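In what follows, structures are represented as structure tokens.
Same chain, two partners: chain A is paired with chain B first, then with chain C.
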Partner chain A sequence: MVDSKQQWKAWLYLAPAIVLLLIFTVWPIFNTVRMALLENYSGLKAAAGMQFELGFGNFVKVVQYKRFVQCLKNTCLLCVLTVPISTLLALLVAVALNSIKFLQKGLQTIFFLPYVTNSIAIGMVFAAMFNIVGSFYGTENELIVTAGIINNIIGFFGGKHINWINYGSSYEANMFVMVVYIVWNALPFKILVLLGGLQSINKQYYDAAKVDGTPRRRVFTHITVPLLSPMLAYVIITGFIGGFKEYTSIVGIFGENMGPPDDAGRLNTMVGFIYDALETNSQGRASAAALILFGIILVVTLINNQVSKKRVHY
Partner chain B sequence: MKVVLQNLTKIFPSRDKKAGKEVVAVNDFTFEIPDGKLIGLLGPSGCGKSTTLYMISGLQKPTSGKIFFGEDDVTEVSTENRGIGLVFQNYALYPHMTVKQNILFPLQNLKGADKLSKEEMDKRALEAARLVQIDELMERKPSELSGGQQQRVAIARALVKMPRVLLLDEPLSNLDARLRLQTREEIRRIQKETGITTVFVTHDQEEAMSISDLIVVMKLGVVQQIGQPQQVYDDPANLFVAKFLGTPPINVLEGTVRGGKVYIGQEAVLEVAGVADQPVYIGIRPEGFVLDENGPLSCKLSNVEVMGRDVSIVSTNPASLNPVIRSIINADNRVDVTSGTVRYSIKPHKFFLFHKDTEERIRFEVK
Partner chain C sequence: MSERKIMQEQNMQIVSARSRIIRGCVKCFTYAFLILMAAVVLFPFYWMVISSLKSLEEYRLNVPTFWPRKILLSNYADAFTTASLGRLFYNTMIVGVVSTLLSLVITVLSAFAFARLEFKGRDAMFGALLATMMIPGELFTITNYATVTSFGWMNTYTVLIVPFLVSVFYIYLLRQNFMQIPNELYLAAKVDGTSDLKYLWKVMVPLSLPTLISITILKMMGAWNSYIWPRLVANDEAHRMITNGLRNAFTETTGDVNYPVQMAAVAIVSAPLFLVFVFLRKYIMAGVSRSGIKG
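Showing the complex of A and B:
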């Protein structure tokens, strides 16, 4: 134990971290809960000296918004679609990368590039790739001359151009683009973690499997995947958490409209909903939505944990 | 199943093209391992013993030379088709599987005509587990087992598909001293019961000598001597083998042969016949000294270590290459610690001469 006379020193050394945490983490969390529980809380009105009653009105309002249900649906759909796809792809890429010697470092760098690239910039590139006409805001009456590389490729193979993200595009097409983009964006981190995991697996397991004449598929399913399960659990859990916070990717492709020009807000997400509420100075509603999102992430993570306890070996 | 190694050579290319030379890990190894014997490959680290084992297993390909199992040339046969069982140094048990699943794993890989029914597999797994006495632990995970138990599981997994040859890589190195003694007897017992030709690798000479039918002493990729443990100990081919076998190690001194006598310093310690005059290395086993007041060899007495049955006399001599000369004599002898010097006579069959430059053994007749 530290001498009690010396304790002020310990507090002194801890002070910078504690002060910063109090200001930027503890207080905001506390404040979010406070604002969420004050009926119709608004920062502007509060500044004018208005008093608010306690209550759950903000939560009720949030849930009753039609837009909120849409946002929740989009968010969940993106999570459910992108996390399994990106995890599976990352696993395959990592295993493939791990099994080659030649060019491994170079390919690793290429696969890692999306991670260090600005997601808005990537979004704009994707928007250009999936574009159908020269203009983003093209209408039905404009001449359809695709400038997007994806449609050009489809056209090259004789397929019909698809309206991915422009005026009059379908929700399914929009979602497809989002899923492709998010999966691609999520790959590098997952590949990195899984490759690290693969490289830390003792080679002798593979030698032992070889001595026993284990077919390659069985080596993958019975040795590689179980030994990688802690890493897999990690990327799946962080993948879900990241998925529920999806926002910038939508902005990257569709702009602040959060949807094609003819249906703004169609692809909005939970985080987008929170930002919208903040913009209209409804901090109470934004806080309530943030807490609901927090609750969802908490529940999903707990479920993930529970599942991985059964599935993650050793 | 006898195993024949014919001019087996393994060369590892250098990693750094500019700086490095290639490494000859195993150099021209020829040996016939008799059927049903336990063979110890023995040598210091980097001597090529593990490489030899992995070449027999097929996990490494020889640069040149051939390997036969019985009459079959298996040099080009892949690991899984050789019919070997391999126990790795750190066992390589699959950590996510139970003991039973680990033992079953090789059987589940069998295909086609070899495919077994589930009952058959369970029966074979249980037999293997019984043989190594772990049938009580079938439902445990490897992390819930002690080192010795893990070792047994690894052996059971290697034995379950009834291999033609069993290979063990440093099987005892991860065990504590007591368990090591117990496990090495266990390995001997299992080998005797199954009669499978077994090759194991170790750097511990005591381990190799205690259980092997034959030992192969290697150094820098070259086989130094092959023989029964006692025979190699009693009749080492060169200074390296003499130094490598035996605890406490052999005492090595510098000396000269002049006119049929071996001199250590100015003292003629033994008369030998048929050896030309030359400077030599002299090896004397610790048990080769006899306390003798009129003995020809005098040493400066340092101290006496009492071990109960024996005493170990630690002394020094200017000609000695080791810091001290250690002799082991019966505890019935009383040693006068105060005198400061101790005199020995030498048992001729524990006394070896080696060429000064080649370090090869010089054979002589005792007059």
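Showing the complex of A and C:
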């Protein structure tokens, strides 16, 4: 009796969540697969009563699309560059923070600050720092009013001014700015997790190493890193997943243009491609791209799990 | 024998002195590294604030100044009117507060069911829910865009609130917390004839308040920072949210831009996040370290 009463009560409590999940989570999963498998599916045409054939045409078209290949390249490049750099920097900062007492809390707070920011808003600040104020027409008579703070700092150390994000800037320069911004943005979360991991390592290991007179570097590579490996694996995997979904940080710096003024869309990413396809009412293509993105994330997660099983010390 | 002992002691002293010097150097190096990194982390904030206080002429100086010669607060007033920030604040607050409240109710009820009640298929269902967390949100957006259009929700507050009310992650977080509360309390309450809802409200909710506060903050921050979905479905004057408003008001990112006003707008948009951070850091960090999701 009690059991059956608990049964319907449980479903009653879950009802609001289930209804919303069915509409906004479960149905979209099936519908996305359906739309991706209907040739050239478009919401507008479907509303007009058009029928679509079944097939893999959307996937083939997406992969052959030049813009998509560019988006995939940008996304992968950003992942491959930012995840190792930010993980390594975060590890160094966390280890350094863990080894000090004076100022530890204060510095920890500073390092967490970038987390509580709006990625569009601070992207605009980075754009201001790298931007050259002036007029660029891709001709000889360029007018530079001020080269921006970053260029001034470079100039102070004797370097040459670089056109980072303006008209006529190079792809490499654009990418550099994006990597700097994304790493800056990714550090706080990684430092927080790694520092938490370091603080939970049993002090006895370090005491034992001290008794044996183990040198610092060996302590780091043979005690700290192995015992921290679950946290490192977690930080790397979430970094990759976040990296594959990169979009707003680029909007923050380059605007909806997704590239410098003379080459719009040059820095577009997978997510950007999906939204572009959605806005031109090519839901079939958007769905195919979203499923490819899901596939990549799934593969990266699985690879990471396999590597973790062998390498991660629990 | 005694001579030997003295020699040994001297040796020890030399070794310990050397190791002390090395330790001192390492400490210096550690602090230098940390302070340098902290400066890099803080620099954009510093640049935002001082740029927002400069006049346009001063900003356009060939060699930038590191402190405004004359502090100009009028940029903030200009920013407020250029981007009509008042309206944007109002819209964002409505969406943030309503969606947080409703989301909390739904999360508490679901987490309670998963943590305390026995029903068929509970574990299978919970596993399925967790599995959906792997799927990138863009996959849902494509269909949800069509769904909300057919509901006639375009350009309303509803479209900004309802689709994101259920968060599997928050349910998971709260369920973990609920499970730590001893079941004996629940059984005792049952014996006393306390209703489930009363028990939930009087015992479970107060005991898991820190988690609920974390969820509230993350949800509010999510509303404040959301960009993609609002841009798709509610980018009209009446419902536009703060992040979209900011990007729309200042579309120029490169070239000759009125940066002082733009930076003032950015500072205004960032300020509430900082206040939340200063006062509620503990809860944010607790929630964040378990999520890996921004906002």
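Things to note:
Simple rule for what comes next: the second predicted complex is superposed on the first by the 297 of 314 C-alpha atoms of A that agree within 3 Å, B and C clash if a C-alpha of one lies under 4 Å from a C-alpha of the other, contacts with A are read in each partner's own complex, and residues count from 1 in each chain.
Quick note on the criterion: contacts are C-beta pairs under 8 Å (C-beta built on N, C-alpha and C of every residue); 3 or more make two chains touch, one makes a residue touch a chain.
This one's a predicted model, so the numbers in the text were calculated from it and none came from an experiment.
When both complexes are superposed on chain A, chain B and chain C end up sitting side by side without clashing. With both structures placed on the common chain, the touch criterion links A:I23 to chain C but leaves chain B unconnected.
In the superposition on chain A, contact of A:L107 is made with chain C only, not with chain B.
When the two complexes are superposed, the chain touching more residues of chain A, out of chain B and chain C, is C.
In the superposed model, A:F294 makes contact with chain C only, not with chain B. Shared-chain residue A:G255: touches chain C; no touch with chain B.
Residue contacts after overlaying the shared chain place A:Y115 against chain C, while chain B stays out of touching range. Looking at the shared chain after the overlay, A:A127 reaches chain C, while chain B stays out of its contact range. Once the two complexes are overlaid on the shared chain, A:I223 sits against chain B while remaining clear of chain C. Remark: least CA distance from chain B to chain C after fitting both complexes onto chain A is 6 Å.
In the three-chain superposition model, chain A touches chain B and chain C at no common residue. On the side of chain C, the complex with chain A involves touching residues 26-27, 30-31, 33-35, 37-38, 40-42, 44-45, 47-48, 51, 59-64, 105-107, 109-110, 112-113, 117-120, 122, 129, 132, 134-147, 162-166, 171, 196, 221, 224-225, 227-228, 232, 242-243, 246-247, 250-257, 259, 262-263, 266, 269-270, 273-274, 276-277, 281, 284-285, 288-289, 292, 294. Within the complex formed with chain C, the chain A residues making contact are 3, 6-7, 9-11, 13-14, 16-17, 20-21, 23-25, 27-29, 31-32, 35, 43, 89, 92-93, 96-97, 99-100, 103, 107, 109-122, 124-129, 131-136, 145-149, 152, 165-167, 184, 187, 189, 192-193, 196, 216, 234, 238, 241-242, 244-245, 247-248, 251, 253-257, 260-261, 271, 274-275, 278-279, 283, 286-287, 290-291, 293-294, 297-298, 301. Looking at the complex, you find that chain B touches chain A at residues 57, 59, 79-81, 84-86, 88, 90, 92, 94-96, 105-106, 109-110, 141, 143, 157, 161. Against chain B, the residues of chain A that register as touching in their complex are 202, 204-205, 207-208, 210-215, 218, 222-223, 226-227, 229, 313-314.
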